[in-house]
Structure formats: structure tokens, C-alpha cells
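Naming follows writing order (A, B, C and D), and every chain is counted from residue 1.
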Amino acid sequence: MKYDQAVYLVAGGDQRQVHLADLLAVRHTVYAIGFSDDIVFSERVGRLRSPEELPQPADIIVLPVPALASTRTVNTPLYSHALLLERVLECAAEGGLVLGGKTDAVLEKKCSRYGLRCIDYMEREELAVLNAVPTAEGTVQIAMQELPTVLFGQKCLITGFGRIAKVLTHHLLALGMDVTVAARKYSDLAWITVYGAKKELTSRMGEQIDKYDLIINTVPAKLFDHRILSRVHKGCLMIDLASKPGGIDFDAARELGVNTIWALSLPGKVAPISAGQIICDTIHNILTEMEG
Amino acid sequence: MKYDQAVYLVAGGDQRQVHLADLLAVRHTVYAIGFSDDIVFSERVGRLRSPEELPQPADIIVLPVPALASTRTVNTPLYSHALLLERVLECAAEGGLVLGGKTDAVLEKKCSRYGLRCIDYMEREELAVLNAVPTAEGTVQIAMQELPTVLFGQKCLITGFGRIAKVLTHHLLALGMDVTVAARKYSDLAWITVYGAKKELTSRMGEQIDKYDLIINTVPAKLFDHRILSRVHKGCLMIDLASKPGGIDFDAARELGVNTIWALSLPGKVAPISAGQIICDTIHNILTEMEG
Amino acid sequence: MKYDQAVYLVAGGDQRQVHLADLLAVRHTVYAIGFSDDIVFSERVGRLRSPEELPQPADIIVLPVPALASTRTVNTPLYSHALLLERVLECAAEGGLVLGGKTDAVLEKKCSRYGLRCIDYMEREELAVLNAVPTAEGTVQIAMQELPTVLFGQKCLITGFGRIAKVLTHHLLALGMDVTVAARKYSDLAWITVYGAKKELTSRMGEQIDKYDLIINTVPAKLFDHRILSRVHKGCLMIDLASKPGGIDFDAARELGVNTIWALSLPGKVAPISAGQIICDTIHNILTEMEG
Amino acid sequence: MKYDQAVYLVAGGDQRQVHLADLLAVRHTVYAIGFSDDIVFSERVGRLRSPEELPQPADIIVLPVPALASTRTVNTPLYSHALLLERVLECAAEGGLVLGGKTDAVLEKKCSRYGLRCIDYMEREELAVLNAVPTAEGTVQIAMQELPTVLFGQKCLITGFGRIAKVLTHHLLALGMDVTVAARKYSDLAWITVYGAKKELTSRMGEQIDKYDLIINTVPAKLFDHRILSRVHKGCLMIDLASKPGGIDFDAARELGVNTIWALSLPGKVAPISAGQIICDTIHNILTEMEG
């Protein structure tokens, strides 16, 4: 089909989805549901109080990140009522598309029951790359807020060298930090050198852990246990960007008085408009490929 | 004289002076006065409750920024009592030195009455250059906190191309902003180009003022009057770094609903430890020059 | 085994291998064969005129890039005689190791006949990453030499966004160029944006091909045919870094008077000492991994 | 007067002036004299064989850099005949303007005799700033050509921190060099730090002079005498950018076998088109100022 003429229904979400709806509405027909009356959209977005108000079937239903609040309800942090998933899916046109963030088996099953295709936009590589920018900026912002020094000239350790670590390394070097990155693979160590940072094997990063003023973990594995935390210097700030269990033993850190911040889902928090823009661009790519 | 063996008295000030005292105490004999008991110094700093407690005359008296709270008292924001300037000057050794920030005629006159030489460390060029770093970082921090977008890819206008503007231009370009700098002199416009930013004559910056997401003023002149402010776009953030009258008509901005922040004296606020370090380095330079 | 005490035989090659032998000899026992008498090595390297002169079996035989000149001879550009592969392999200790660049089935077969393990160091990811630096610098050097303008402010198109393109993009942006990168994958386009360059779909790069002053191809596919070359502007310089068939129709370019340079194997040409260092580091990694 | 309608006569010079004539001719009436027939200009430039061929008086006469070859002749490196200064000045309209590079008392006196105002565009600050870019790029090019290593990771010393040194520091840091800058003033040392380089007092730079792989002098004073040159390491490359006597004792360097290059007037040599553009922009600024 031609997605240029598609009808969109943005259902639930936070400020990212508000901005996403505004952006989609510049060129498409867009309706929004699952937001309180005081949330402001552009005039081009059709506000709905209930799914019944939708004047035409939606070709594309856009769900937030994560898509669901429970197995039966859409995630609607800006709405005081529950928004039932089934009521939303019933709005879809035949053969419609459901785009959501961090979708799960429950959602996919329900979509297929309605004959709808479900795609997780958070699994797109380009979104992960672009989201590294707000995550890195948010981390810089936290470091600037928390440290009583400038970043310039201070010593920083970053663990891991994935997308976020790469952008962070660039930003912190550009701001004049003395950056060391710890990684395990020789090819990562080569890239770290090429980026202009100092390199360190993860297995040996503990040896000089006391010299860092800022430590940023991006590895989803418990790299920082009691033993290594006990050698971090008093004024050091630790920021953990790793999801789920995180990379720091937070209990040990608390006990030892190490200043730690667990910063998750930064794009939606520090730069919701940019995060909405990134989702919008990614949806555009998905649709272009499908038309392809 | 040989300043290596000098006795220092740090009198009054904020966290910058606390850190300055700690740094000086690494290699010198240092006493501190004009701070509440709950303010923490390193063990090497001798804490005084009153000038009488000073066990030996001070070769160098270090006053804060600004040096005085009134014509008769030292500036002591971390102290609940008044600290009389004369009592402090009486602590000086014969031919001693008084180092202060933003000293004035009153202070200089009193110093000369006591036969003391008075030097304003805030007038040193190297301090102004180094202070541009915490000022620029503080400005970046404010912009990151206030804007609902990433800085990356957004459009920024900086007015003026002095020290702070130079460091800001570098930082914002490094973070991926689209930076335009407005200046009046052709040589400044040449430097702006060489720095990699876009250049604009100050007289013509109004023409496209509506395209910027962030405007940072560094010029101590009313560049932003009602007429130009009325054309700034709604989501734009304006940060004024210019002292005294500032460069923005804040009344007009309020009336027009333009988001403005007047950010003064950032080094002491966002990075007191670095600001103390910079003062320490500058004092070291002053003394090295005097030793010849 | 412990490779710290290993005996090395560096057989054939260009200045890279000369420097590699010198570097290895800082900590190991190293012999060299297949170099003219006027080639200067450090004093620690044992020069051999013939394989028979080797006083002890070699644990590690290091061959050049490419390893062979023919199916029977080692590649010896700095030697006026032929160096027979079999004579070299006979120098190996039992269970020895043969390290070469761009090894092939012929070499591997012969090694296995002698019970020797053969490893191609040019296939190591970290070597490819580190070699991107001399390749990028060499490309910058060529562009500076050939263009009658500064790079600063000129428009450059890079095709592809692999390792070399990434380092080139960084370097050329840092030197003030206006860089566009053409790629096909959305994730590459995202990275291009994050690197700070402009992005373009490869399929659409022809549309504005006339605006570039410098075009650098890194894609091993004929992207630049007669049609597209005919629209490149007269003063434009084209550098092709792609191996084998190259990415430019050189006949068409010649006919059209487009200034093209096919720059292959830059590391060994523009920075042999660095290239030797990179091979040395990579061999160190290979041996460390084998020691476990 | 209105310089938009001015008639220009470009008299003598090298490729810079050729390109300058081409650029001026885009919007103005331009004649050129003092170039061989095989030198190619754009079609819009009126070629003259002798001053008599000029169809109308020239409002602006543009002389090259330096302006004169002798007290009586214009500097015409691309012309096999002599071009007499008086013949050129006779072409000027009443009250006309003579713009030249490195003009001297002789030229100024002659101009005033003809009632012409003489301005030296090489003395403009913005030209000096913009020329720092081709000078820095030319220096990078030389270093890349001469060194058998990449610049990346190598150690560089720059002496002085004027315009050229500032741009060089930025470029070399961006290319991954380990850059130290030696200066005398504390404010320069502060700027060096802010630029991200290591700082060193000029008086102490000799102490570790043996660690540098590349030394670039920008100071017009004999900083590098026999004593200090004798400690420079064998593989080090020295580039002297200082005019007149230069900063290196070249006799001593030759005797000691130190590899030195005295690189003067780089803009016209490595990037004549850019150098012509810079002169064109500067002339535009001069005329804009005169129009008030």
C-alpha cells in the first residue's frame, strides 16, 4: 500500500508520542487517544476521547515504549484512565499495521488474532544508533550537574564500547576529558585507540580504578562488585547506563558511600522531543522498506 | 621574598575559597577564617575563630570574589558573623600581600594604609581564559536541562566572540550543534569561520533570528530589544551571560513569553572546585612573577 | 608454549617488515632473510644471507603482505634474489607457526605439509581497524597534494561507511570539510548523522554529484560509471580506495578528463613504520590468544 | 564612491592573482595585465598585452604579494617581460585606489605622487587569520609527506601560540597527535590548555626536546640553536614557519643531521585558489569599510 495516504492512530505514551503525533500530522491524517485533556497537541492532530470517535479505520496504530502497561492495557502515563488494548486494535483497518516499542509475545498474539502485523520499532538498528545521542547527552548532563568540577581535564572510565559508549567517548573527549575505555575484544580496543581514547582490558581495569573522577558503565554485567567499588575514590561519580540488573552492586556502593546514579531510558526523559523525532524517522524507514 | 615558605590566611568566600585553601595547604602553611564550623577543610588547614588566634603574621592574605561585602567587611557567604576587613588586614606581616577578586578603591586604600600591596587576581588574563571553561560547561548544562531536545542538530546563535564565546563555540560544535556566531569585526568573523561555525554580522543577526533553538548572549550591550525578541520562536531558549545590565530586555522577554535565563558567575556555582583550582594556579603565577 | 622466548624469522617484505623485525627484536630473538645488504636493520636483528645460516630453528616465521610472490617464492621486494618458500619453511621448529599477510591456499597447504600452523594476520579485525588510520591519513595527504585549494570549507563525498570511511569522515570534518557520506543501510545513515556528516542514499547520490570538490570511493563496486562521471565538475578530484576492480570506470574518467587517483595499499606506502607497528601489535594479540 | 560599479585592473602576480581576477570578474569589470598568454583566466576577464589597451581608467588597481619586483617594476612571476609600475599607475582613474600585498615606502610614495591611495591588504587582521588555514594545512601536508609514520599518536612540539599555531594545534590534535605547545605568557599557556594541548614554558622546552617526532616552529627568534638541536632525536622532523631569519640554526641542523624544512609563504604554494579567495574577501571588506 501507499503509506503516504495512511491514517494513523497514536495510542498512549508520554511526551515522545505527543511529539511523534505532531510530527506525523505534518503530512498525514493522525488521531490520538490515551492522553489527558491538558496535554497539548498541534491543531492538526484529531483528539479522541474514546475509540468509537475515530471517524475512519486506522491503517497504522502507533503504540508507545513500552507498548503495554499490562496484558490487557496500553501504556498511558499521561492518561488517568485505562486504555484497553482490544479497543484500540479494533480501530485498525483490515491488514493494518501495529507499531510499538518493546512489544512482547502477548501483543504480537493479539495483533495476529486481529489479522494485524506487529513491528517493534525499538529493535531497529538505526533507532538504537540515533538514541545513543540523547543517552550520551543525558549522561553528560548528569555528570555536569553532579560533579563540583568541570568535566574538562578530569579522568573518566567508560566500560564497554557499544553505540552509547562510542558517542559518549566522542562527546567527553570533545569536552576535554581524559577518557579511558575498558573493553574485552582486541577489535574494540583498536577502535578505542582510533577514537582517541586510552584503552584498557576490562580484566585489568580494576588496577587503577582509584584514579577516575567519573565512571560510566554501559555493560549489562556486574562489573563493579564490592571489591572493586571499595577502591573507587571518594569524590568519584558512577553512572550506570546498563538496563535490568545493571553493572554496579548498588547495595555495596551504598554501604561504601560511593556516589552512584542508575540512569535508564534517558532519551524519553531528557529529550522527549528528539526521542519522538527519532521514532518518527524510524517509522518512516519501516514504511519505506515495506513499500519498497 | 621566597613565597614557598609564605604563611597564607584565606579570609572569607564560598566553596571556591574552601577548595583554594585545601590546595594551598598541600605545600604551604595555611589558615582560614570567615567560615562556619560545619564547612569542611582538609586537615592541613588551620581553622581560626578570630584573627587573634593566628599564631604568626600572614605573608599573604587571600580574599574572595568579590573581596568585600561592604566597605568595612569581608565577603563571607559561608559565615553567619561579620568579618571586619581591618581585623583581617592587621594579621598581615610587614610588607605582606593582599590578593582578592574584584577588589575596589576602598580595599586598595585600606591596604596601602597598612603598607600592604593589593592585587586583583580576577584581572589576570589567564584566569579569565581558564574561567571560560566552567562558564561554557555551565552554559551547556543549563541548555541541556532546559531544552526538551538534544543539543545535537539544533540551531544555536552566539553573540560576541570573546573568550567564553570561543570555548562555547568549540563545545557546541563538538556536541553536534549547528552554530552561528554574530560579531562586528572582520577579524572576529574570520576566526568564527576558522573555528568551523557560521558567521553573521551583528547588525544583520535579526534577519533570521526566528530560526534558532538556542541563543546565547555574551555581549554586555542591549542587543535583544522588544523588536528582535518578538521574532524569536516560541520554543527557543535564551541564555544571557553578560554581566551588569545584561544583553536582553528581560521585561520585554517576560511580556513576550520568551524563555530567558540570566546566568552569572557560573564558575563558582557549577564547578566551585575547578574555580578554586583556577584561582590557586593564578596566585601561583602572580607570586612566580613577583619572585622574578 | 610461551611466546616470550620464541625465536622469530622475518622472511621477505618491504619497509613494514624491516620495522616489524626491529620492533620484535626489542624483546625477542629475531633473524631476517630476504633483504638486500643495504637495507638497514637495528643491531639486534640477526641478518641471514641464506636459510642455512639460521643458528636455531624458528618458532615463528613471519611472512610479508602478500606472503608469496609466486606459488614457490616468498614476496621479497627489497631483495634481488628469489627466496624459496620451502627453504624458509624448513627453518621452522617442530609445531612452529607461520604468520603471513593475505595468505592463500597454496601457502596453507605447504605449511600443513611441514606440520606448521598458518595464520593470516591481515584477516584480524583489529589490524583492519588500525590500518584505517594510515589509509585515511594517506588519503588526506593525496587530497592536500592534488587540490589547489585548502580542504577547509570544500565539499567532499565519501561512498560507503566501513572502517576507512569512518576514520576519513572524522578527519575531514575535523579539518573543516563539508562532508556528505553515501550509504545504503538505514543504520549506516544513522551513524553518518551521529558522526556529524550529511547523509545521502547511494541510490540518490548522483543527483547532486556536480557539487563536490573531492569524491572518495571506498565501495568495491562500480558506483561511478560514465553517466555519473560525466556530471562530476571539472576541478573535482576523485580518489578510489576500493581494491580489485575499483569503484570508478577509469576508462570513462580518462575520456571525460576527470582527475582520478587509484590509491591502494596506502599504509605500507605512506607510513611503513606505523604499518609495521600495527602488524607487530596484531602478532602480539594472536600469540596472547594462543597462550590462552 | 560605489565600488560595485568599479573597474578593476589586476596587474601581475602568481596563481593567486589569476584566481582573484576570476573571482572579481563574477560581479565586476576586470582587466588583467602582466601574465603570459598561456595563463588561463575566466572568459569574463579582459586580457591586456599593454597598459594602453585598457579601454577605461581603472578605479582599483590590484597588485600582487609582494607588490613590487624592484623599485620600478611590478612583481610578475607569470610573465616573461617587465611590467613598469609607472605604466600601471597611469591606468588609474582620478582618486583611484591601489591595493597590494606587502607594499613598501617606494610604492606608497609613487602612488601619492599620482594622487592614488595605497592600501596593503596583507596587513589586514582577517587576512592573517584566514591565511592561517592554508598555512596549517600546508604544514600538515609536509609532515605527512616527510614522516614514515602516521601523525596519529606521534608527539609534536609547536613553539609559539599565534594564529598559525592555534589552527595547527587544532588540526594536529584532531588528527590524533600528542601535541605540546611552548609559550612564554601565562595567558597563552591558559589558552593552550583550553585548546586541549599540553603546555610548556618556552624556557623549559629543551628539557624533553628528545621525545618529539615533529617540531614546528612559529616564533621569529632563534629558539633552536646548536645545543638544543643536538638533543633532538634522529627521526624527528623539524618544520620552520618563521619568516626572515627563521627560528632554527640551519647550519647547525645540517651539521647534526637534523631533518629540517623551512616552509615559507605556504598559502600561495599549496592552495593558490584559496589564497586568491582570501585576498578577494579581504578586498571586499576594505571596500565595504571605505563605503562606510
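Note that a contact is a pair of C-beta atoms (placed from the backbone, for glycine too) under 8 Å apart; a residue touches a chain by one contact, two chains touch by 3 or more.
From a predicted model like this one, the values you see are computed outputs, not experimental measurements.
K.L.:
Please give the intersection of the contact partners of subunit A with those of subunit D.
P.N.:
Expected: B, C.
K.L.:
Looking at C-alpha means, what's the farthest chain from subunit A?
P.N.:
Result for the farthest chain: D.
K.L.:
Give, as an integer number of Å, the spacing between the C-alpha centres of subunit C and subunit A.
P.N.:
Here the centre of subunit C sits 38 Å away from the centre of subunit A.
K.L.:
Where the centres are mean C-alpha positions, what is the separation of subunit B from subunit C, in Å?
P.N.:
Centres of subunit B and subunit C (C-alpha means) sit 51 Å apart.
K.L.:
Report the inter-chain centroid distance for subunit C and subunit D in whole angstrom, where each centroid is the mean of the CA atoms.
P.N.:
37
K.L.:
Mark out which residues of subunit A touch at least two other chains, giving numbers and ranges.
P.N.:
In subunit A, the residues touching two or more other chains are 133, 176, 193-194.
K.L.:
Taking the complex as given, what residues does subunit D use to touch subunit B?
P.N.:
Residue positions touching the partner: 124-127, 129-130, 132-133, 167, 186-187, 189-191, 193-194, 285.
K.L.:
Please give the residue numbers of subunit A that touch subunit B in the complex, ascending.
P.N.:
15, 133-134, 137-138, 140-141, 144-145, 147-152, 171, 174-176, 270-274, 277
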